[in-house]
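A, B, C, D and E are the chain letters, set down in written order, and residue numbers restart from 1 in every chain.
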Amino acid sequence: MGKVTAKSPIAVRVAALAICAGVGALLARAVLAIPETEPGLAPLVDANLAVSGVKNAVTAVLLNFRGYDTLLEIAVLVLATIGVLSLSVTQTGTWDPIAAQADPVLSALARFLAPVMILVSGYLLWAGEHAPGGAFQAGSVLGAAGVLLALSGYARPIWVSRFALRAAISVGFVVFLATAIGEMLAGGLLLEYPADLAKTLMLVVETWLTVSIGAILISLFIASASPAEELRRRSGGGE
Amino acid sequence: MAEWIARQLPALVVLVPFTAAPLAYLLGTGFGRQIALISALLSQPLAILLAVTVVREGELRYEVGGWGGPLGIDLVVDGFTAVMVLVTTVVGLFVTVYALGYFGNRERYRFFWPLWLFLWGSLHALFLSGDIFNLYVCLELVSMSAVALVGLTLRREALVAAMRYMLAAILGSLFYLLGVALIYGAFGSVDMQTLREVVRSDTTGQAALALMTVGLVLKTALFPLHFWLPPAHSNAPSPVSAVLSALVVKGSFYILVRLWVDVAEPMAFPGVSTVLGVLGSTAIIWGSIQAFRQQRLKMLVAYSTVAQIGYLFLLFPLVTGGGQAAADAWMGGIFHAVSHALAKSAMFLAAGTVLARFGHDRIDGLGGLSRRAPVTAMAFGLAGVTMMGLPPSGGFVAKWQMIRASIESGEWWWAAVVVTGGLLAAAYVFRVVGPFFGREVDDLDDADLNAGPSPWTMESAALVLAIGALVLGIVGQPLLDLIMVSAPALVAGVTP
Amino acid sequence: MSQTDLYTLVGSALFVIGLYALMTRPHLLHKVLALNISSSGVFFVLVGIARRVGGPVPDPLPHAMVLTGIVVTVSSTAFALALAKRIYTETGTAALDAADVDVGESLGG
Amino acid sequence: MTWETTALVIAVTAPFVTAVLIFALGERRDAARSGVNLAGAALTVAAVVTAAGAAVAGAPDAYPTAGIALLDIGFGLRADLLGVLFAVIAGVLWLITTVYAIGYMSRASDRARFFGFFSVCVGSAIGIALSANLLTFFIFYETLTLATYPLVVHSGTPAALKGGRTYLTYALPAGGALAVGVVWLNLLTGPVEFAAGGSLDPALATTHPGSLVAIFALLMLGLGVKAALFPLHGWLPAAMVAPAPVSALLHAVAVVKAGVFGIARVVLEVYGPLGPELGVTQALAVVAGFTIIFGSVRALAQDDFKKRLAFSTVAQLSYITLGVALASPIAVAGGIAHLAHHAAMKITMFFTAGAVAEEVKAYRVSEFDGLGRRMPLTMAAFSLAAIGIVGVPPVAGFTSKWLLGIGSIDAGSGWVIAVLGISSVLNAAYFFPIIHRAWFRTPKPEWAHGPAAGRPEGDMRMIVPLVITAAIGLAMGVFAGMDLSPASWAQTIAGWEFPW
Amino acid sequence: MVTILPAWMALAAALVPLLVAAGCALPATRDVARRMLVFAALPALAAAVLVPDGTSQIDWLFVGTLVDFDATGRAFLALSGVIWTAAALYAAAHPPQRPTWFSGWFALAMAGNLALCCVTDPASFYTFFAMMALPAYALVAHEGDRSAGRAYMAFTVVGEALLVCGFFVVGAAAFGIELGPVLGSVGIGLLLAAFGIKIGAFGLHGWMPVSYAAAPTAAAAALAGSMSKAGVLGLLRFLPGGEREGVAFGAVVMAFGVAAAFYGAIVGVMQTKPKVVLAYSSISQFGLITIALGAGLAEPVVWLLAVTAATVYAVHHGLAKAALFIGEDIAARTTRRWPAVVGLALPAVALAGAPLTSGAVAKLVLKEATGLAPGAWHGALETLLPVTAVGTTLLMARFLYLVATRKAPDAPGTRATAPGMLGAGSWMLLLAAVTATLWVWPSADARYAVEKSLTAHYLWLAVWPILLGCIAAVAVWAAGTMTRRFAGAIPPADMYAPVLRLADGAAERRDRSVRETPAPQAVPTPVAGRAGSALLDRAGVFEIGFLAWATAASAAGALTVLLLLLAARG
């Protein structure tokens, strides 16, 4: 898009090269000096994995030990979505069909793939408890399914009201927050899962996060997409 | 109940805006306004309570998830934190009140409320965080919500400015994140409390510190990396401009201070403080000159921020020596952040009123403003007093302490910079304020945008903030005391 | 050269390459991509650090950081792209220039 | 809180509260504004007088004080003898000026702004008077700087804005110098409270002579601008674009006296015996002496009435500075007494300038021929004040000059006598021609028969105040020997200041 | 009197004319006050008679006033009272233009003059001295002679300034401050110069001839008879007579006195206006008083005698001179001059020191004082004093000649009214005083001098210079051409004439330029200086550079390199 000069003037490039070379060299020196034996927090994580409610160390860190990071990270996602929506032409996340006349092959493929992807998403969510996986992976697959459907002209936004869309986007964050606050009300600290309920609560949160992440990814895609009207215009009116 | 609040206080401070934000989004325009106001009002007692608690009990530590560092993440509140939360909350309240009038019920700006609440919450999260990786997430939250707010009007200039800001912010975050990675590599922890004990002069660690510094300097828009600030701050909607200049740049500055003066102080290496001081001084001079040159009011105020940020960085050379000078510099620097926050937000809000009412903010078209909009003119003028650092404003107390520190440390030239900066500030402030008293210019015609006088809430929000900045110079001692509560070892040596 | 060194060096290189592109490429899309490359570099460094313990299970903490970092990067990339696109829609160009900024005209007359 | 302490606090806060009310009342409610303003001024005077009574009755360790913590010094107020003298002057003259200004501004615009900032200025001046330490002093000092600006530029003309710029160009850097000096001094000695006889540790003169001299220079640079010491005086004539009440109360009393009052505080109550020991007060005296001659010579050449008065002020202010700088209780008494004496006389003259400008539109001395017939009361008051400034007894100007002259001999600075003598001649040379024109020259035909039959010579709200101030100026000279006259008061103060 | 009147009553009485002055200022009381003027000095006269010697300290007045009523003060108070009353009578008889205006200033000067006779501390003396000298300007300038007014004012202002400086020294001494030799001498010098101006001492007399000539007669009489005597009183009161520190000044003072005595006579003779001749006569006569004071200074033991001499001489001269001025005016108003000329001859010969006149007594006292002058001065003065009498005789002859031969009454309108009973009465009062005063002088010293003056030796001593003078006068008159050649050769302002002319010219030029210059227009505010704005423009160009993405990113990179390098070093 756009007729922007691909490169900067030679002088700028030389200067940039010199600077970057300097940064690179000094950076290399720094990373090479990283001690090889520093154990980091791995032992500590191991020691506490048992009480975390999950068996996967990474998931334990993400959802329990550093669950606060994740909470904020979801906030970033929601925030980015709101930001993108605020920049989109319609600002609602609704869209005209991106492909006005859906390709029949693509359409058929999508019809086949979408349920599979939803299934995979469910698996990833469940697997996250003990192996690599979790809400983000699951949500991504869910989102991809949504994008595929959108591209093949299936989904029309009318299937969701504006409120429903907003709800889908924010539900993960809201549930996460509600859980956190509930824990506080129950006498614990923020995100302090009671040991017996930890697994259940995390699964609930992860589930809703998956929904939200999926909805967010779809919304990000759709909101950034140009309306079909404009696509037609830009392609030179050939169609 | 009271006991519960006392126990959960740090978390509540963060959670209130963060809960309000998705609700404001979810429930739409009409409710967004009310939710924001409720959140703003709820935050006031919490912030005050936080400050009071810190004064009474010293540093507060809240172990999120019950794990405690270094495994979990701690929310930590010392005097510095409490002060920053307090100023954020106060400025936040008045910006919210102002925005109620400024945006009205217009559907176009419905995203303002959730974005603003997210920004507010992330600022609180940032100030409270006791974990350097968590700070990265907070920084990103702050940046992204700020950028989104800048572009809110969808005006061409605003979008371009937002893009500049976005790129600079992401780059800064990446530098910071790389530094965090190296810190973890070197010392095996990202928890501040732990790091404080284990950091030492170390090749990787010091490189990490350098990288984080660059990232944060970029985000704070210290000269010569201020390229993104003036367009972003001047083209944003005025309430947003106020928040950006008053609070957002202070966020990254806060982390910088945390690192150099507190957490990473044992591995601080020589030279950097001087570099930061020199850049700060240059920022003061250069920003003021540029501010003086501007033709648009909001551009002038934005460049004034570039200049005022420079003062913050004088903190670094002045604290390095420790002792009483460090304590004074510490108080001065942070107090400056506070008073600048109040005054600068007042200035932007006043500028916004002008813009909303007269449809332009050309400085040469503002003659006779004191007759047409006396409250706004007064707000701008009083805020200018803090910019100049004249008593009885908070800016004066800050400069007093900085001058004190520079004489104490024997580095008198910083004092010269402080005084010169004040005079240059006077030059640009009076370039605007002078004509307020002059003859009216025909341009001052309310016919333009919003015909009719501005809602009194807008005018008085700016005035209250300006008066706040002004009286801070007389009643500011409790704040100075608060700043010194559980202050880092380097600066806690002696307290007057 | 250990695995850690390899990963961290590659990560550093990626970071610098992204930095170079950010400096020299005027096109906004290029700049956003450059930042993506740089962030990948940072993630490489983190992954490298995670590897050094030497045991079969890598340090989970850097991994968690990378995951969080990726989500954050994705979010900001999405937002940056949306912004770039909107700028293109509004201005017809997708580059940043000092000329975009009104730095005030001369005072003299 | 005792009754006197309450009065002290009220004295400082009442003008500020008045200002807030005036701003709040807005432009249209003239009667309410005037009422509030007069009530505020009257309350201030009552409070100041109460505080003054306590100060007169008390000894230095029993003065009423009040304050809150701020920085390492504290924000403190204290009603000591020296302070209440200045506060009484400012308060009483404010009340009188308010009446005058209500008359003067009756047809002007932006009255709310004018009276509001005016009150802020007076509050600052009283705050300066009653400050217990340099920090508090500095806070009010700079507040005064700022609050004066809107008044200087009040008319809004390009010339006024230019005058305002000139004013700031001088005043703001001075504030910077003062700030650095105050900070430095506090660092060197710890918190500095004003104390009769000086508050610095005498040992400092041997341990840190260089720093003390530098600090003194910085302080004088800061205070010298408002005190219009050469070469820092340039703003004062430029500020004459301000409306007459401003020139009268601020540029003859509150603002400029704040500068010399500050010098008095620093020289007497901070440096004390260290001043002469370090040689700094001698240098200050020489500068002041030169300023006296310089200002008078410049005044000679001014045809613009207010400018002539302004240069006269430049010269007269240095009388005070000079007196304070001479290490003699008698000279100090003279300087301090002149604070009051010059105030009454110069305010009369500026009132005259305003009344004349309003009534007959005469702005230049050369337009004054025969004015005495047209405005006899006004010009009589003016003439009385003018001969007082020249130093002709029994008007008060002589009293201060008398103490100064004898004090200069006491201090061993005989050269000052020559300055006083030459200055007297020069003062006569620029004031007597005005008196001559007003009374001894042939008037314009329309003035020859006085004011129109049955009508007063001008707005009585302007005439009465200036007659009163002239009478005060005369009375202060005639009754100089009475117990509570400024001259006696000043001698008591000087007695406290010189335990050494 | 039955009750002892406290000394401050004298001061209070002396200040009664202030009421008249105030009355003249107020429209309602104007006319009454003007008529009261002739009575204004009477309380003071009464006080001079009734209030006994004594002191009063009035703390609240000025910076503390000391009334020390003694013989000297009484003499001067009486003298002033008489002269002011006579002058007021004459002013009532022949009111000048704008009589209320005149009366106000007249009363003010009167109050100052009378009051200064009663006080003895420098500050109060100075106060009343100024109250006398400055309002007198209005009297001198009353008839519109701006040049004379300017001269009077210039000398007065300088005199006041010198005086206040001198009084600083005196006041400091009174405070008990150690002066040191230099400052003490400076103080004496200042006093001499300041009072010297008032008494028209040689070189400081520039204002006297022009002012006497310009002032209305009543004012001139008061000026010459009383106000200038305040200078003498000041010298008597404040010079350190009888003390060592004054000795060094004795010779100088005497020299100035001799110079004035002769200079006045020589220049006076050449004048063409009677009033100017009288003025030069004053200069000459004050020279004699100066000689006495000089002798007193030079020889401390003589001081008391010198004080008596000066007092007596001042009284004598004051009365005579006032009588001469009023008589001159009366003569000018009449067409039949001879009675007036005859009347004038009385004070004239008295001035010359003719036997049986006050002049003879005064000169005798003077001679007594100067006779004790140290060293060579004794002999020189013995010779010179009679010569001055010759000079005085010549001056008086010249004066009478001018009065007698003056053509018509002066410019119509100014002295048009013929002398009436009131005016004549005023003159008679003075003539009587001239005749009688020294004979009724209530002091032993005076009585002794009077008796001594009647001895043959002193009679002869008094007579021969007059005879010589008369002969000389007749000779000069006879020579005719000589008179015509010298008459008017020296202008009234003599050595100061060029200065006064310059000042007049300058004043006129200034007035003209003011008349011709239009009011200044509002000056347009200059736009920001070119250089300044060019620099600012340059700053703008630089800033555009900083805002360029490439620069900014490079700066970030460069900063990274710098900090990493610092880190690597640290």
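Everything that follows uses one rule, which is that a contact is a pair of C-beta atoms (placed from the backbone, for glycine too) under 8 Å apart; a residue touches a chain by one contact, two chains touch by 3 or more.
Since we're looking at a predicted model, the values are computed, not measured.
Graph distance from chain B to chain E, where chains that touch are one step apart, equals 1.
Geometrically, the chain at the heart of the complex, using CA-atom means, is D. Contact count check for D-E and C-E (C-beta pairs in contact): higher for D-E.
A centroid comparison over C-alpha atoms places E as the chain most distant from chain A.
Centre-to-centre spacing of chain A and chain D amounts to 71 Å, using the average Cα coordinate of each chain. Look at where the CA atoms of chain B average out and do the same for chain C: the two points lie 25 Å apart.
Rounded to whole angstrom units, the spacing between the C-alpha centres of chain B and chain D is 42.
We define each chain's centre as the mean of its Cα atoms; on that basis chain C and chain D are separated by 65 Å. With touch defined as above, residues shared between interfaces to two or more other chains in chain E number as follows: 536, 540, 543, 547-550, 553-554, 557, 560, 564, 567-568. Contact with two or more other chains is made by residues 8, 15, 19, 22-24, 26, 28, 45, 49, 52, 61-62, 68, 72, 75-76, 79, 83, 86, 96, 101, 103-107 of chain C. Counting partner chains per residue, chain D shows two or more touched chains at residues 157-158, 161. Pairs of chains in mutual contact: A-B, A-C, A-E, B-C, B-D, B-E, C-E, D-E. Chain C makes touch with chain A in their complex at residues 2, 4-5, 8-9, 11-13, 15-17, 19-20, 23-29, 45, 48-50, 52-53, 55, 57-64, 67-68, 71-72, 75-76, 78-79, 81-83, 85-86, 88-89, 92-95. The touching residues of chain A, counted against chain E in their complex, run 8, 12, 15-16, 19-20, 22-23, 26-27, 29-30. Of all residues in chain E, only 536, 539-540, 543, 546-549, 551-553, 555-556, 559-560, 562-564, 566-570 touch chain B in the complex they form.
Residues 25, 58-65, 123, 126-127, 130-131, 134, 138, 141, 149, 153, 157-158, 160-162, 164-165, 167-169, 171-172, 175, 177, 179, 182-183, 186, 514-515, 519-520, 522-525 of chain E are the ones touching chain D in the complex.
Across the interface of their complex, chain C is touched by residues 133, 136-137, 140, 143-144, 147-148, 151, 154, 156-157, 159-164, 166-167, 170-171, 173-174, 177-178, 180-182, 184-185, 190, 230-231, 290, 293-296, 299 of chain B.
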